[in-house]
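Below you'll find the structures, each written out as structure tokens.
Heads up, the next two complexes both have subunit A, just with different partners, subunit B and then subunit C.
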Partner chain A sequence: MIQNFFSGLYELFLGRPLPANFTNDYREVIFPNTGLMLLLITLALVLIYYYVLNSMMSTGLYKTKHWVLFLVLNAIIAFAIPIFQVQGNEVEVHSYTYTFAFVNTLYSIVLFFVFSILLKRGSVQAWTTPTKWPTKK
Partner chain B sequence: MPKLFVFGIGGTGSRVIRSLVMLMAAGVKVQNCDKIVPIIIDPDTQNGDMNRTVDLLKTYKQIHQQLGRRDEGFFHKDISTLSSIAGDGSSKIRDSFVYDFGGINKPFKDHVGYNQLDIDSQALVDLLFTRENLGNSLDVGFRGSPNVGSVVLNEIIDSPEMRFFASNFQEGDRVFFVSSIFGGTGAAGFPLLLKNFKDAHTSLPNGASLNRALTGAMVVLPYFSLEQPAAGSEADFIDSNAFTTKAKDALSYYQHHLDGVNALYYIGDTPDKPLENNPGRASQKNDAHLIELLSAMAIVDFMDYSDNELDNGQVYHEFGLREDVDQVQFAHLDSETRDKIAKQLIRFHYFERYFTMHTASDAQAAYAKGVDLPGAMRNEPVFKELNKFLTHAEFGYQSWLRELNRKERTFAALNLDETDFNRMVSDKQIETGLFNKGINQNAFVKELNKAAEASSERNAFKATIQAFEKATDVLVEGKLKYS
Partner chain C sequence: MSLKKYKSHTSYLLLGMLLLSGCFEKKSANQETEPAATTEQTPQPEPIAPAADESMETPVSAPDKVDVQVYLEISNGMKGFMPQAAADKEPTGFQSKLNKLISEVQDGRYVVSKSYYLAKQDAKGNPVLDSVSYQTMKGTIVGGIKSDVLGTPLPAMLEVALKNAVSQNAVSIIVSDFIHGPDPRKPEQFISLDSDIRSSLKLAEQKGLAIAVLADASEFYGSYHPAVKKPEIKRTLNGELIPYYIWVIGKQQEVQVVTSKVLRQLPAQQAYFGFSYTSVPFSALLKSKTFKPNGNVYCASRTAEVCKSINLLPEKNVPVEFTIGLNLNNLPLSMQQSTYLKSNLKLKNNGIKASILSVQAADENTKATPELAKYSHFVNLQVPQLTASSGAISLHLPQQTPNWIAAWSTTNDNNPAAAPKKTYQLTKIIEGVYALYRDRSEDVFQATIQFNKAD
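Then we have the complex of A and B:
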């Protein structure tokens, strides 16, 4: 089920994995691994940003520019994950791999934003970052 | 709820009220009343000291009105004009903190109708008043001449303002006088008003309540001297060499004729460098002085006593420092005084420093963004009033503190020019290290955000003031650990 979900998610923009002889590797291993890692790493970074740096500690990193820095950091990681996954599973690196990394980066941005909106309410210092909406008062 | 009527008479009265307003802004508690009604009595309508006190009072009033009624915190005490205490808009007097003398701008000689007097009466007047007394215009005050003041001020008892005051005086209200003993207006005005309020046959309405009213007075003894003009100069001046003589004369009068005061406070000091000699008008704008701040404390002290405590005969208070020093810090005040003002003033000082130095750059901080503070600071007039209160070059908090720091004895408890929060309080500095940065902008923002998070207030001004109240409280208790 997880395999189908992530395959569907990535193939929505990428189409069938290439080269064709590695299609199953992508669908059974690389897409699910990449998707799960994307979810967990993005969630971890959002939690660190809102609850460690801006609740437990008073780092002053509450401004939108700091949030964007974390978003970019997450995007870089998201770009790297597919490439490492492809290489780690001894699959041929192809232009498809870089398009896959690019799509994963786009997903990371969307996911980081969604997690931020959902989780920012519990932060003391950064509950208005990146947007005041939805207000908690 | 009871009210406290504070009569600030003459230049010293105005200056003490200025310090009182600063204490109220800092949240110093005045017990046993829910409203303070200052009434400034000074015929010199252009007096610099008076006008900036009035501007300060107006600004405070605007800020307090926006914040609404509260039991504690910055600007929590209601300071009202005399005309507004009726509450129903029925008053027919001018809405002002200053008693309206109606523009007396003629010489004293004309005021008493000297030229219409018969020759014997003129001789008597000549005996009681000098030629200068008779020739001086009254619109600059009484130039240190209580004999002139006692004649002119005697007439204010029948004024609409005094009748309005008496009509609205209720059982439980208290009266406090602040005046100097060595000048003209204060020295004449205080005993005169007291005599009229306490006169069993007074013509004022509500006379019985006024007779019984608990009354306090702050009598300020000489604490400054004035420059003397050069020999042969025709300059108009007040002779400060006569301050001590005049004070002694007045004290001997008080000894026998001052009835009806429940608590009488005295304060004075040996003068430092002489001040510029300006007998009146806008040029009479003296630097704030520690003595005035401590005099304002007398009002706080007077209100701390319960009705029963004050009813047990007349008591006298004098003020003393723990140590005879030129630069007074909180540690030099007695613990009773320090407990009443130190933490509040430190908190207010932190608030003022942070608000003026850092808030503009906090647009993205949760406490600011949550209530759109940047937009409110641009558009809401009350923020302009707050800025005036804190930074106005004439009457603001900064200039008040700077002035207090200028003339010895100085009030040097708070360092206005210090930008490091860890070093702002002279007698308690925060030790910092690698893992302890003390109070810096991050620590301040953190506490402001925490305070804002715990509050459900949506009004930007109220939310901001409340956030600063809580944040400064936590910082003073937790980081500065002031005790």
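Then we have the complex of A and C:
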């Protein structure tokens, strides 16, 4: 299930894994691993930003530029994960690997934004970061 | 929501993350045999049990030692192969070969019990086997045949020798010129040579024995007695090459021991009958760096060390190409030659269009690569098209009478000087043997790979 979900998600933009003889490694290991890590790391960073740095601690990092910093940090991690996954699973590195890393980076940006919108309301100092929308006050 | 709650949530998430990150680990092929790892595999259309397959495939270890009986045909026609030895005379090819053979039988480490027989004919025309000592056998080979002995009809000699060997559970090595010398009172035996040979060797087939026929030619000095008596009843030869044959009859593995460890240097002319292998080790090699596949093809199982089920999808202009590794080390020697395999390996395709691009024997490079070291041959296949969404590609080696048989056969052996290395009606003799095994198994071996259309 999870494997099919993540394979579908990545192959939507990437097409079949290349080189084709490593199709199974991508579908059964690399895609689900990368997808799950993307999900969890993004969520963790969003939680840290809104609830640790801007609720529990008052670090003053509530401005949009700080939020962007975290988004970029998350994007860098998201680019690195696929490459480490491919190498760690003894799969031949191919230009596909880098396209995959790029797609994962795009997903990380979207996901970081979505999580931010969903979770920012509970933050004490950063509930309007990066935007006031959709909360009306 | 309170801060505390968030704090605990965060730690749960971090904990969960740690746990999950280890979820889809790459399992190495070695770990696969562990039952825990198998639960992770995606469901496959053809459930394969690599462990069970593997054990079935381990080649039945060939017996180390065999019992051997050597039969040497003694007749006036054989005398020319064994001229009297002299210091200034080179031994004939026959003499040196046979000497080596019986020496290996007598003193080699691969033969347990051995016996030697001179096959001749008694006064009534019946074949007799004269059990002799090693010394007598050796003396006959180097010193020649002294007495006057008539040739034995070929089928009768084979039958009697085979019966004797089977009763003692030994491998028989029969050495003869295989020139058919039927009883002059029964000339019809010329016509029924193939069926007579078949009848005489029936016991071998019934007992599940295999036959190896090895042909060589040797210098011949003296009276040559052709099967065809016109224009000459006999000729005197002085070193012309006359064929002689070594037939090895016994259980498949035991024949292999004799051919590879007792005879050792086999002539190029070899023919094998009744050899078949229920399984040879093979695998589609899809992750090898040496044999990189082309196009869209991958093993159905990610972790299988031996891949017998593949997914593939050839596209227009991008045919799928991949290599199958086979271990054919147990096959008879001549069948292991790449040239033989190239011309004789065939494909049976079901739901797929495929062809063999090349056959390559293992080289230094593949022998040094751990995952390839266990294969002796590599067959490269091309698949331009699928005709069904699933099916099988089956690589098989049909039973075949080798080409040299026809070249070594003649309908008139009267003048060996003009047409050397020919035996009268050899094709017919071999046809008889071939007919014996024709219906037992069509293939020497078969290697089948299941496929599914890749999604």
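Note that in this section the second predicted complex is superposed on the first by the 135 of 137 C-alpha atoms of A that agree within 3 Å, B and C clash if a C-alpha of one lies under 4 Å from a C-alpha of the other, contacts with A are read in each partner's own complex, and residues count from 1 in each chain.
Going forward, a residue touches a chain if its C-beta (ideal position, glycine included) is under 8 Å from a C-beta of that chain, and two chains touch if they have at least 3 such contacts.
Everything numeric in this text was worked out from a predicted model, so none of it was measured.
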item: Superposition on subunit A - do subunit B and subunit C clash or fit; value: fit
item: Which of subunit B and subunit C A:99 touches, first, second, both or neither; value: neither
item: First (subunit B), second (subunit C), both or neither touched by A:48; value: second
item: Which superposed partner A:58 touches (first subunit B, second subunit C, both, neither); value: first
item: Partner chain in contact with A:22 - subunit B first, subunit C second, else both or neither; value: second
item: Touching partner for A:40 - first (subunit B), second (subunit C), both, neither; value: second
item: First, second, both or neither for A:3, with subunit B first and subunit C second; value: second
item: Larger contact residue set on subunit A - subunit B or subunit C; value: C
item: Once both complexes are placed on the shared chain, angle at subunit A toward subunit B and subunit C, C-alpha, multiple of 10 degrees; value: 170
item: Three-chain overlay, closest Cα atoms of subunit B and subunit C, distance in Å; value: 13
item: List of subunit B residues in touch with subunit A within their complex; value: 364-366, 369-370, 372, 441-443, 445-446, 449-450, 453, 456, 458
item: Residue numbers on subunit A that touch subunit C, as the complex places them; value: 3, 16, 19-25, 28-29, 32-33, 36-37, 40-41, 43-44, 47-48, 51-52, 55-56, 88-90, 122
item: Residues of subunit A defined as touching subunit B within the complex; value: 58-60, 62-64, 123-129, 132, 135, 137
item: For the subunit C and subunit A complex, residues of the former touching the latter; value: 1, 3, 6-7, 9-10, 13-14, 16-17, 20-21, 23-26, 40-42, 286-287, 292-293, 295-302, 311, 454
